[in-house]
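Both of the next two complexes hold chain A, though its partner changes from chain B to chain C.
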Partner chain A sequence: MTESSRTHGESPLRLAAQRFLRHRLAVIGGVLVTILILSAVFAPWLTDVEPAKTNLRSKLSPPSWEFPFGTDHFGRDVFTRMLHGARVSLLVGLGVVLIAAGIGTPVGVVSGYFGGRLDNLVMRLMDAFLTFPPLLLAVAIMGTLGPETENVILAVGLVYIPVFARLARGNTLSLREYTYVSASVALGASSWRIITRDILPNIIGVILVLIAVTFSRAVIAEASLSFLGLGVQPPTASWGRDLNEARRYLEDAWWLVTFPTVMIALAVLNMNFIGDGLRDALDPRAQD
Partner chain B sequence: MGIWSYFLRRLVQIPLVVFFVTVIIFALMKVTPGDPIAIMLGPYATPETMAALQAEFYLDRSIPLQYVLWVRDLMSGDLGHSIRSQELVTDLVATRFPVSIVIAGMATLVSLLIAIPAGVYAAYRRNSPWDYGLMGFTTVGLSVPTFTLALVLILFFALKLRWVPISGIGLRTWSDGFAAFLLPYVLPVAALAVTTIAELARIVRASMLEVLEQEFIRVARAQGIGDALILVAHALKNVLIPVITVIAVVFAFQVGNTITIEYLFSIPGVGSALIAAVINRDFPVIQGLTLVVGVFFIAMNLLADILYAVVDPRIRYG
Partner chain C sequence: MSRMQSTRSTRAANGGISRRDVLRNTAAGGAALGAYGAGLPLFNIVRAQDNKITYALFGEPPGLNGFVYTEIHGNVVTTNIFDKMARIDHATRRIEPEMVEWKNEDPLTWVLKVREGIQWHKGYGELTGEDILYCFNHVQEASTFQKGVSHFPVDHAKLRSKYVVEVKLKMPFSPFPMVTLEYGGSVMCKAAHQEMGDQEFARNPIGTGPFELDSWVSGSHLVLKKNPNHWRDGRPYVDEVLYRVIEDPSVRLSSLLTGEIDIMPRPDPKDTPRFREGGEPGIAYQSVPGWNWDYMDFTFPPYIAADFPTVNVDVRRAISYAIDRQTIIDEIYAGEAIVTDNPVPPGYLGHRPSPIVYPARGDLAKAKELMAKAGATGFDLEVITSDKEWLRRECELVAAMLSEIGINMKIRGMDVGTYSTAWVKKQFQADLEDITIVSPDVDSTLWWFHHKDGIVEHGWENQAVSDWLDEGRAELDPEKRTTLYHNIVDAVLDDCPYIYFNHVNLVYLLKDAVKGFHGGPQEHVVPLWDVQWG
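Up next, the complex of A and B:
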């Protein structure tokens, strides 16, 4: 009784927000990722050092008041590089999500809604993309496009289009069976109207959850590609790229490998917490 | 729908998927910004070598014809050769693929051996410190990229403690002794296994919890059968079903996952060959290796489907 009177008249958005806020780890994740985003956006104002500024006199200095995260083999301030590395990671994550969700979702919805031979053809193309391990395909695409930050976004974004298409198609197929959709069809609503009014609003929840997951996977992919030397090129700061260079100083300068590792792990872990929270909030059917 | 019509439908889909796989790989070289021949040969290429290569890749024909001729070569087992070393791509695959398969296989085996008991015990002692510990480990294990984990392992176990070497896979043989041969595998396999241990332990724990709720377990308990026997003889059998169905997927995941590990530990597998080809812009090698991996994954997915159907008769085919 109290439950129903409390929820009565509240918008679904508000209910979802309440469910999200009850998820403690998701809230922590949300706070930490917000801090990460803010420090990435305001990186140039947070430190007065250039990320690529070398200073050979103070190279490989351990963490101190002057250099909170120490310096690398060129005397570059690791703290500054971590902040600027966050810019690259988040930018790639954002670009990948825009490409993958922006193309994959409409493809999946249209394919699932109209069905038939086109659907079969489109989904087999998506299967073909999903045949490859994501990182391996991204590496191969980088090989043809050449190592540039924009190409990392393109390659990884392309790899994740089919994941969105498949999810959007599956949900569209099951929504088509609902009475309110058949009612719209029977009333003579146009396909465009049904897709935009009846289907899209109802799959936004699961798509948002996938966006959170894909964002963290894109961060890992960027770090991996840059680690392999195929992604972001020096002297641009990137967590993965800096880890590659830290390999040579593993024993002598623990801070060089520690801070990028911690940054990557923290970013991914907290984005996954947000994803878990969103799943609880927006996709009540999904059970852990 | 019956099991055979399900298989038939899956089988019918495969040629179309393979067709698209070849189209994607063919397109890889077509979308290159600039002239692929000039990129591959570098600035010092003579017009003669460029013309020879152009003819070899059928670049003087129309694009659809290029694709047809390329596929015809593939069908006859000709995957082309490296622009740099002239090595045949088929030879490269023959020497590199087994190395990756062995490492991926070891990582899969280790994951199963650790994840199954760990997951079963966590479910049996639900909400115990052990259970929370394992769940915490899986959360972190699924978030930390394999190569960062490998760096930490190298730092502690190879550099500080000096228990295991960093490299040596492919350099030593059985004749160097069991330990010398096997030790270089420890760190790469451990780093690879963490992600799949986390994944599998979650699956095992979840399905074990489900099984433990069921009637026949309670009956067995009421009959006074010991917990250990119940877990092993009654529950485990049911837990293995979801595990067996994902083994092929886990194995395939590991083959793809080895790429950063092969780079980091200088392992002469498919991944490191692909990275070298990408750095050299060696298009025939990129295409050949990607194709072989793609076909391998299609086969693994089919195997996963077959295992799924054979092991679990409850599955509805729809």
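Up next, the complex of A and C:
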């Protein structure tokens, strides 16, 4: 079968899936992230130890059969805390992309499609947000809202709204000049129909890539805020908070700093691999 | 341009060094190497040559105006910038005159005689009764925090002569010198404060203390220079104090070990055993029993719903029984604290060996029994705390203890400003914090917290306790006072509006060569005028 006949015979989605599966790192990333998600979801069934349960007689125990990742200064099981920490990190990642993509994308598309004063006003507002370093802005928002998991999601989500809005607007500006959009306008299609049927489906690819990247950034942001004491509050397990506490025992208990670091790195790296795979898979120029 | 500056500039421009420079540097290097060879730490020699001391603050002072800010870090610095009307001698637990001497003419009249010849920093002239009067009036007019805690019995003050001030009280108040003249006895320069206003004065304080502020770089350091006109004979001994803001205890410790700082408070408790046991040559260890307590307290209606579980006395008693106080001391403070279940530390009138009611190791069976009796079968309890890292850890440990009796403790850490507001405005369910007692009089460890008019009493109204507190304040006979304070403590132990955990020792690490440093029992008072290089 020639390349041409193959591409003509299959749906774009199927082709994208095939390209994604050919991206080895993306597949590995997908598998590991899936394992991470399943571990987080089923954490209470994978370990019967409470993450905040202290066991002072076993404090600072190195990894063993009883404690696969060792124990911390209160004798808490690090393996259990990593699993429960994954719940927080992944929840924050999910919440952040829902807020950022859910608000940023429509705002960018509407702004780019209608243009004019509305576009100017919205984009200057987004520019104002973008002038702040993301983590600093999140710290400021957290300082106002107070340290809670929901507030971490809100703060980091707000920070990434302009990123989605900018990307969606840029792509909309380009797409609205295409002849098929002009044709829809000439046929009398409503703006709503043009945005939902002609524009959104054609920018979904880049938005998906950005979602993957933002998810990994959100995981880092949560860990950073918790590390600074502004994120999830103890005794809730959090990779960032546990890493902060682990600094005290850098010389005495290597496992305390190692496992949260590995978990954060795994989550971030693999989400980025997925993002890379999606970018290659959904890029029309990469078809050949 | 002066001749000296000109010469230096020319030399620098030429890129050369003089013969004198070579000789001086060689001699200094030789001395340092000789000292090093003799086993003396090199950094001590360098500091002693400079005759300056570097002290690590564990937080940034928000300001240096004692009438505006009440936190620890600013007070550590202002101890050395401002004198007070009176000062506590921590060794004798007595109050000593500092800027004024006092006389009680009748129960409502105190006469303050200002020490003559004390000069304000930076040429602001001599301290007089005008300055003292200005401060008494400022507290009332600006309603500073002193009005509620130390100046509440003051009716008015007036000037009798240039150096004599008369203070009239609304009620007899025996702790007047201890509480009003010491804790509330900061004195600021009238002329400077009027010229600058509160905020500017807080950045450029003018005091009469042994050191004056030279420079302040926010988030980094403050430099104090010796006050050449200070009234204490021959003191201060060092020419300069550099306060470096180092929040992280591990960074403070490495700064001490590398010679960047000379004195550090609050080492990480996990590091204290090796210093306590003398494991580090050249580093001295000081541990001072603190006038303080760690505690948990609760709000009461109308500040919380009447049916909230902690309003039930059995739930509060259950919490007190569930707390393993000894474990807190072992795990959070590395043994540097003593167990208590009441607010009267050793050395205070009315102290009894603690714990009196609640066992040091807790009594989980009794706690569960009380929870069952109260019908409290598990609930969420939000506990606020400030941003002190040892308290966050203590909260985690207490949360684990309370989970054993079905209480799901949610910790809410706050910056110190937000925390203080929430605490004073009673906007919380429960609170876990530490506090320093402001005077060695037992009144100061009880009245504000348990009297119905106390500013940090959170809705717990016990008329008998309020009456005993008022009686104790006016009573001069120690035996009668002791009985009254025992009654109060017993009532508090029975009803648990506050639950006390421990009195924490204040630990300092310093270079061996630093002499004359005595960390006091109050964390916010750290005098450095007796410090010198040995």
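In the analysis below, the second predicted complex is superposed on the first by the 282 of 288 C-alpha atoms of A that agree within 3 Å, B and C clash if a C-alpha of one lies under 4 Å from a C-alpha of the other, contacts with A are read in each partner's own complex, and residues count from 1 in each chain.
The definition used in the following text is that a contact is a pair of C-beta atoms (placed from the backbone, for glycine too) under 8 Å apart; a residue touches a chain by one contact, two chains touch by 3 or more.
Since the model is a prediction, treat every value here as computed from it, not as a measurement.
Asker: Given the alignment on chain A, is it a clash or a fit between chain B and chain C?
Answerer: Here the two partners, once superposed via chain A, clash with each other.
Asker: After the superposition on A, what does A:Arg247 contact: first (chain B), second (chain C), both or neither?
Answerer: both
Asker: A:Arg124 contacts which: chain B (first), chain C (second), both, neither?
Answerer: In the superposition, A:Arg124 touches chain B alone.
Asker: Is A:Val257 touching the first partner chain B, the second partner chain C, both, or neither of them?
Answerer: The first partner, chain B, only.
Asker: In the superposed arrangement, does A:Ala223 touch chain B (first), chain C (second), both or neither?
Answerer: A:Ala223 sits against chain B, while chain C stays out of touch.
Asker: Please tell me which partner, chain B or chain C, touches more residues of chain A.
Answerer: B
Asker: Touch check for A:Pro235: first (chain B), second (chain C), both, or neither?
Answerer: second
Asker: Go through the superposed model and pick first if A:Val139 touches only chain B, second if only chain C, both, or neither.
Answerer: The answer is first: A:Val139 touches chain B but not chain C.
Asker: Looking at the overlay, what does A:Val268 touch: chain B (first), chain C (second), both, or neither?
Answerer: Once the two structures are laid over each other on A, A:Val268 reaches chain B alone.
Asker: Where does chain B run into chain C after the fit on chain A, at 24-32, 42-50 or 240-248?
Answerer: 42-50
Asker: Take the contacts of chain A with chain B and those with chain C, and give the residues found in both.
Answerer: Common to the two interfaces on chain A: residues 143, 146, 229, 247.
Asker: Using the touch definition up top, name the residues of chain C that touch chain A in the complex.
Answerer: Interface residues on the chain C side: 250, 268, 270, 327, 331, 387, 392, 395-397, 399-400, 403, 409-415.
Asker: Please name which positions on chain B make contact with chain A in the complex.
Answerer: Listed in rising order, the residues of chain B that touch chain A are 13, 16-21, 23-24, 28-29, 31-33, 139-140, 142-145, 147-148, 151-152, 154-155, 159-160, 252-253, 255-257, 259-260, 263-264, 271, 274-275, 277-279, 281, 283, 286, 289-290, 293-294, 297-298, 301.
Asker: State the interface residues of chain A toward chain C in the complex, per the touch definition above.
Answerer: 50, 52-54, 56, 73-74, 143, 146-147, 229, 233-235, 247-249
Asker: Quick one: which bits of chain A touch chain B in the complex? Just the residue numbers, please.
Answerer: That would be residues 120-121, 124-125, 127-129, 131-137, 139-146, 216, 220, 223-224, 227-230, 243, 246-247, 250-251, 254, 257, 260-261, 264-265, 268-269, 272 of chain A.
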